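Just below sit the structures, each encoded as structure tokens.
Both complexes below contain subunit A, partnered by subunit B and then by subunit C.
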Partner chain A sequence: MNQPTVSPPKAPVAPIQWMRNNLFNTWYNSLLTLAVGYLLVTSAAPLLNWVFLDATFSGESPSDCVGEGACWLFINQRLNFFIYGFYPEDQQWRINLMFGLLALSFIPQFIEGFPARRWLGIFGMTGLPILGYILIPGGSFGLESVPSHRWGGLMLTLILAYVGIFAALPIGILLALGRRSHMPVIRGFCVVFIEVWRAVPLITVLFMASVMLPLFLPEGMNFEKLLRALIGITLWQSAYMAEVVRGGLQAIPRGQYEAASALGLGYWKKMGLIILPQALKLVIPGIVNTFIALFKDTTLVLIIGLFDVLGAVQSTVTDPAWQNVAIEGYVFVAFCFWVFCFGMSRYSQNLERKLDTGHRT
Partner chain B sequence: MKKIFSLAAGTATLLGVVMAGNAMANTTLENIREKGHLQCGVTSGLPGFSQPDDKGNWTGIDVDTCRAVAAAIFGDASKAQFTPLTAKERFTALQSGEIDMLSRNTTWTLTRDASLGLNFAGVNYYDGQGFLVSRELGVSDATELDGATACIQAGTTTELNMADYFRTHGMEFNALVFDTSEQTVQGFAAGRCDVLTSDRSQLAALRSKLTDPNSAVILPTIISKEPLGPVVRQGDDQWFNIVKWTLFTQVNAEELGITSANVDEMKSSDNPSIQRLLGTDGDMGEKLGLSADFGYNIIKEVGNYGEMYNRNVGPGTPLDLERGLNALWTEGGIMYAPPVR
Partner chain C sequence: MSETTSQITPARAKPWNDPRVRSLVFQLVAIAGVMWGGWTLVDNTLANMEARGISTGFGFLEQSAGFGIIMSLIPYEATDSYGRTFWVGLLNTLLVSGLGIVAATLLGFMIGVARLSSNWLIAKLSLAYIEIIRNIPLLLQIFFWYFAVLRNLPSPRQSVELGGLFFLNNRGFYLPDPIALPGFGWVELALAIAIASVIALRIWAKRRQQATGQIFPTGKVSLAILVTLPVLAFLATGAPLDWTVPELRGFNFRGGITIIPELAALWVALSLYTASFIAEIVRSGILSVSKGQTEAARALGLRQGLTLRLVVIPQAMRVIIPPLTSQYLNLVKNSSLATAIGYPDLVSVFMGTTLNQTGQAVEVVAMTMAVYLTISLLISFVMNLYNRAVALKER
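The block that comes next holds the complex of A and B.
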């Protein structure tokens, strides 16, 4: 702790002074500022016009989309399909309830001092998936059954990402521990598992799960395409997760292991109480990085005919009734992904700050 | 060691029992009746053939073909459920029993019919590959396209057909391959190619995506035969017959002038052909394992072939396709169905 605890007070700077110090301090910086400024001004106006000023937001039919701007009417009219896929309209309250609970579980994690936020987070990882398992497919407790081929849109993207993320983390931790185990059979199994799954592209895994697997199974013995995709994604993701966690385990000094042993802790207590809490904290950026990558990779289910939010958009932009709405569609998808990925990224930074115990320099 | 052997033997026996159980399993029709719906494989979005609408309901001529089969079985077209499939997985999905029938813009070819364990149950749309060229080019026939650059969608038979056609005519072409049909149009609109080639049923839809649709023309040349129709698994002839005769019923109904609007009046017609088709006379349904009024249900719920065509791809729809080859044989087309008798 040889750093000063209080930074020197900032001198108040006038805007003109600030610009001279930062934007126009040398001749080439002045040139760059002018060039970038010109680009910003010339590109911002058409973009703004396209997105907001000239755009069509409401109306009845495709013919209402006139003018040069974006046709957000298309998104507006298809929004239900992009969010729920083919989920029956009178049952969509089930999905809305799940969306609400998901938000209730995870948004408070950003807000310091939100009441019972720890419990909400725990509910998000335990109660929520159980409730979702009952509520989304239905078929029990008097709920109408909605088979998985009717699921789609943003809801399917979230299901794929949620299951992939929360199932892969524990499996990944076990695999990482297994790979560092001294028992040859366990170590061998984990090494082979990780190396095999990590060495194949996700698109191949999905394709095998959807096209090859049904051929190997006896006729009539068939489990749903979505389930096959989920298992494929989880196994694939857990191999990546294992290597991220292993990186954290290796960064823990040997003294910690020895100290834990010296306290007389068994293997699981040693790992659970001493090593993993430190290791996982170290690799938060890596873990979240893998989560974000997975979230975006879920769009690959498109090739096995599942309509995630991108698939739903792609299947409708070809509608000849609408003129060139592809750009609007893709912008909408990009926005959806940005919201979730940015959220995850902010949360991880938040977590890092909170768990910081001064090891950072 | 012995234990392992007995375990293996046990597993094998169990597997054998499971498989034998499946071999004696119910017929496709019984299975469909039991689960209460027809599972049908469609494309994941092809205008006019199968595409989700604003409400997330499937529409299109391929979709209606499935709905007609559901109407024949249950008397209720809404009992058809749809699985969107990519071109690669469509046959596997059918072979593995994930779907009961495939109605996915699939071209009937010898290889597919003979080597995949599948049967094509008829043709619901006669398509063919054509060309879209920009008007400025001044081309009126495909034989003038020597040296042209063509925008093509990847992974389709279009590229092969194109190569065949140009080789037999001693012409050269450069292929510019895109991943989706959307990109193909963008490429064409940007002037990166002289000609866009695809199934003729799609060319009109693609043309309508241009900023000025009148700047391009569809050439009259058709370079391939693409008979598209529903597909079923081999080995269940009753099911094969049901799908086949559902389509035939729709074509026959158009020929006899029965529509979804007048089907109730037609029930009291004294034309014996109409009586047999609508089940007021004879036991046609029983022979297929269906109810006597299956024909009535198909027409009432989905309509005859002409209605199905006009609703999805015909004049006035965004695709705006003339009947052409798909007109009845009595009206200059080749839609012809064996008689119901």
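The block that comes next holds the complex of A and C.
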């Protein structure tokens, strides 16, 4: 589409004129506006009352929740469990430190021109997991050991999503290269692997990881449940990642491959130095989108008995001490996920728009 | 001169530098690696199963299951075989997937179009719907509908009632069930004839239009045939249809069709969630048709409705179909979340209860995965056929 580079200045529009143009331009639009507007106004007032005006925010015990409104006191009292699971309270500084470092390495990626942005990102992908591997389970450097069955809540959700995405990335890249390979055997294996994993639902993968993985391993070798789930999620995610990366590889013009070969670069140097840096930059939005999907899908681990943030809430809303707090619990979890996923999707849309102006063939 | 040129014969590449030899070696290594890995897995699995006393093979499918299933489309008793539980689960999965695909498509197209409405309020409302629903995990939405909404409906005695025929309570949604009496076969026959004649009419009308340019009002006539023929047959055979109406007996309703709350929650959540993705696909599909197409159609004198139907939608469909297919596949795969609320789908019945009772993990998981693989391949195959039919014909 050929659009003029500078759009004409917008004439100021009076509110009445704006309404006439956008809300009441035809008779059926006027009817729709009135009907929808009526519904919105009548449902907004009770909703506001429930969320804010009649809600209970503070108190000591479940009996303080007497009003008609939401019982946010429940969230308030259980917040620690929702974030850390059964992680011992005097050790939670370790998790807080990891949260802080995670935010420090990835939030600057959203901000244009943040100092040392690249180094922070590299730290987030290399130093951070090593530090997490030492800090979160403990047991070394004089840290108290916290077994994985005590991990839970938001922190477990973040661990699952982080490991799922960054462990799947290298496997996915290899699979994508394999699928574009000229060797029929390698290509065949990669296609079968990718298509099979993409066809089955994550639940069956998690079931398989928790029920069948012990059968596959030699006698005496066994992992804990969390590690099994992580292996399942990583393999499943790597198939999706492979397809995203393949899209990027396909978008690189042929001339780049040929130029690299003409320079005398071997396969791995050609891929590592010329093709992948360009392809991966192109598919960052796709990777972010897969990450959003994975982040939402981590909730499924509650089915095999891990307490992620939804699992933690689900196990407490059935607590008989609290009456009918299911909606409050769900709203809390929904809000956590929504803020994160919405932010990420906005980021990926912006990035897509920015990358779109680049060279195209 | 000739001496010097003959001296520079190209050196034969060493075998380890010859790309063909190398690729052959790599492939052989890959085959050997995969075979070794596969053999180790099989060996370990057999050893482990023997150590745990689990038998192998599909003989367990013949054994009696001994557990009840709350909902089944085919007759099922607890004494039936494990093989039958597989079919019950599979049919339940297909039921909720089919219902979900229909509802999600309708809703998704509506919201996608509403997103482009000239009415500011409608467009913003659709935007809000899309952005809220698709950024919240599906499992959470299923829980919300099941535990927070449907569980809080009134008990059977205080059911919400509609004309004494439809009842809604926390045990499910009850509606009258039609029972075909003898003679109903004639109505079915009439319907079949009506469908056949509509197809014939369409072919004839198209041929005539191509030959003479005259347009036949196919839509209205088809509708008339489809409605009148079965209705006439129905009245002629003396209305051979009976209804069983749900009735409150004891603590629960008997008779009629019951939509259990598990199914309802799963259906609503799946449809709403997938619709938000479909809406975005539809919107981008419509936007992808350039404005010149619409203007050209209007310049040719096509009315608004015809412009949409003959020019915009066929072109938008090309962009919409591929991502729509993957949304359908996602919906089928997501229907396995049923197991979290106890709707008896394939994963919940077969991979859950049957696997736990028999311990035949390998066979059960393999069968379940094979089903999803087949469904996936089938849906992509059908959609690819359709896609090929509507794709740009480049000459």
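The working rule: the second predicted complex is superposed on the first by the 314 of 361 C-alpha atoms of A that agree within 3 Å, B and C clash if a C-alpha of one lies under 4 Å from a C-alpha of the other, contacts with A are read in each partner's own complex, and residues count from 1 in each chain.
In this text, a residue touches a chain if its C-beta (ideal position, glycine included) is under 8 Å from a C-beta of that chain, and two chains touch if they have at least 3 such contacts.
Owing to the predicted nature of the structure, the values given are computational and were not obtained by experimental measurement.
> After the match on subunit A, would you call subunit B and subunit C a fit or a clash?
Aligned on subunit A, subunit B and subunit C clash with each other.
> Looking at A:S210, would you say it contacts subunit B, subunit C, both, or neither? Reply first, second, both or neither.
A:S210: touches subunit B, not subunit C.
> Just to be sure I read the superposition right, which of the two partners does A:G121 touch: subunit B = first, subunit C = second, or both, or neither?
It touches nothing on subunit B or subunit C.
> Would you sort A:N25 into first (subunit B), second (subunit C), both or neither based on which partner it touches?
It touches subunit C, and subunit B stays clear.
> Given the touch rule stated above, what does A:L310 touch, subunit B (first), subunit C (second), both, or neither?
Only subunit C; A:L310 stays clear of subunit B.
> Using the superposition on chain A described above, determine whether A:K225 touches subunit B (first), subunit C (second), both, or neither.
Once the two structures are laid over each other on A, A:K225 reaches subunit B alone.
> Applying the touch criterion given at the start, work out whether A:Y84 contacts subunit B, subunit C, both or neither, answering first, second, both or neither.
Once the two structures are laid over each other on A, A:Y84 reaches subunit B alone.
> Check whether A:K296 is in contact with subunit B, with subunit C, with both or with neither, and answer first, second, both or neither.
second
> Regarding the shared-chain residue A:G247, is it in contact with subunit B (first), subunit C (second), both, or neither?
Neither subunit B nor subunit C is touched by A:G247.
> Go through the superposed model and pick first if A:P320 touches only subunit B, second if only subunit C, both, or neither.
First partner only, subunit B.
> Can you check which stretch of subunit B gets into subunit C in the overlay, out of 20-28, 38-46 or 182-190?
None of the options clash except 182-190.
> Across the two complexes, what residues of subunit A are contacted by subunit B and by subunit C?
207, 211-212, 214-215, 217-219, 302-303, 314, 317, 324, 326
> Give the list of subunit A residues in touch with subunit B in this complex.
77-78, 80-81, 84-87, 89, 147, 149-150, 152, 207, 210-212, 214-215, 217-222, 225, 302-307, 311-312, 314-321, 323-324, 326
> So in the complex, which bits of subunit C are touching subunit A?
Those residues of subunit C that touch subunit A are 23, 26-27, 30-31, 34, 41, 44-45, 47-49, 51, 117-122, 125, 131-132, 135-140, 143-144, 147-148, 151-152, 290, 329, 333-334, 336-337, 339-340, 347, 351, 355, 361-362, 365, 368-369, 372-373, 376-377.
> What part of subunit B is in contact with subunit A in the complex they form?
Residues of subunit B touching subunit A: 15, 18-19, 22, 25, 44-48, 51-52, 54-56, 81-86, 88-89, 92-93, 95-98, 180-182, 186, 204-205, 208-209, 211, 318-319.
> How about subunit A: which of its residues touch subunit C in the complex?
Touching subunit C from subunit A are residues 1, 22-23, 25, 29, 32-33, 36-37, 40, 182-186, 189, 196, 198-204, 207-208, 211-212, 214-219, 292, 296-297, 299-300, 302-303, 310, 314, 317, 324, 326-327, 330, 333-334, 337-338, 341-342, 345.
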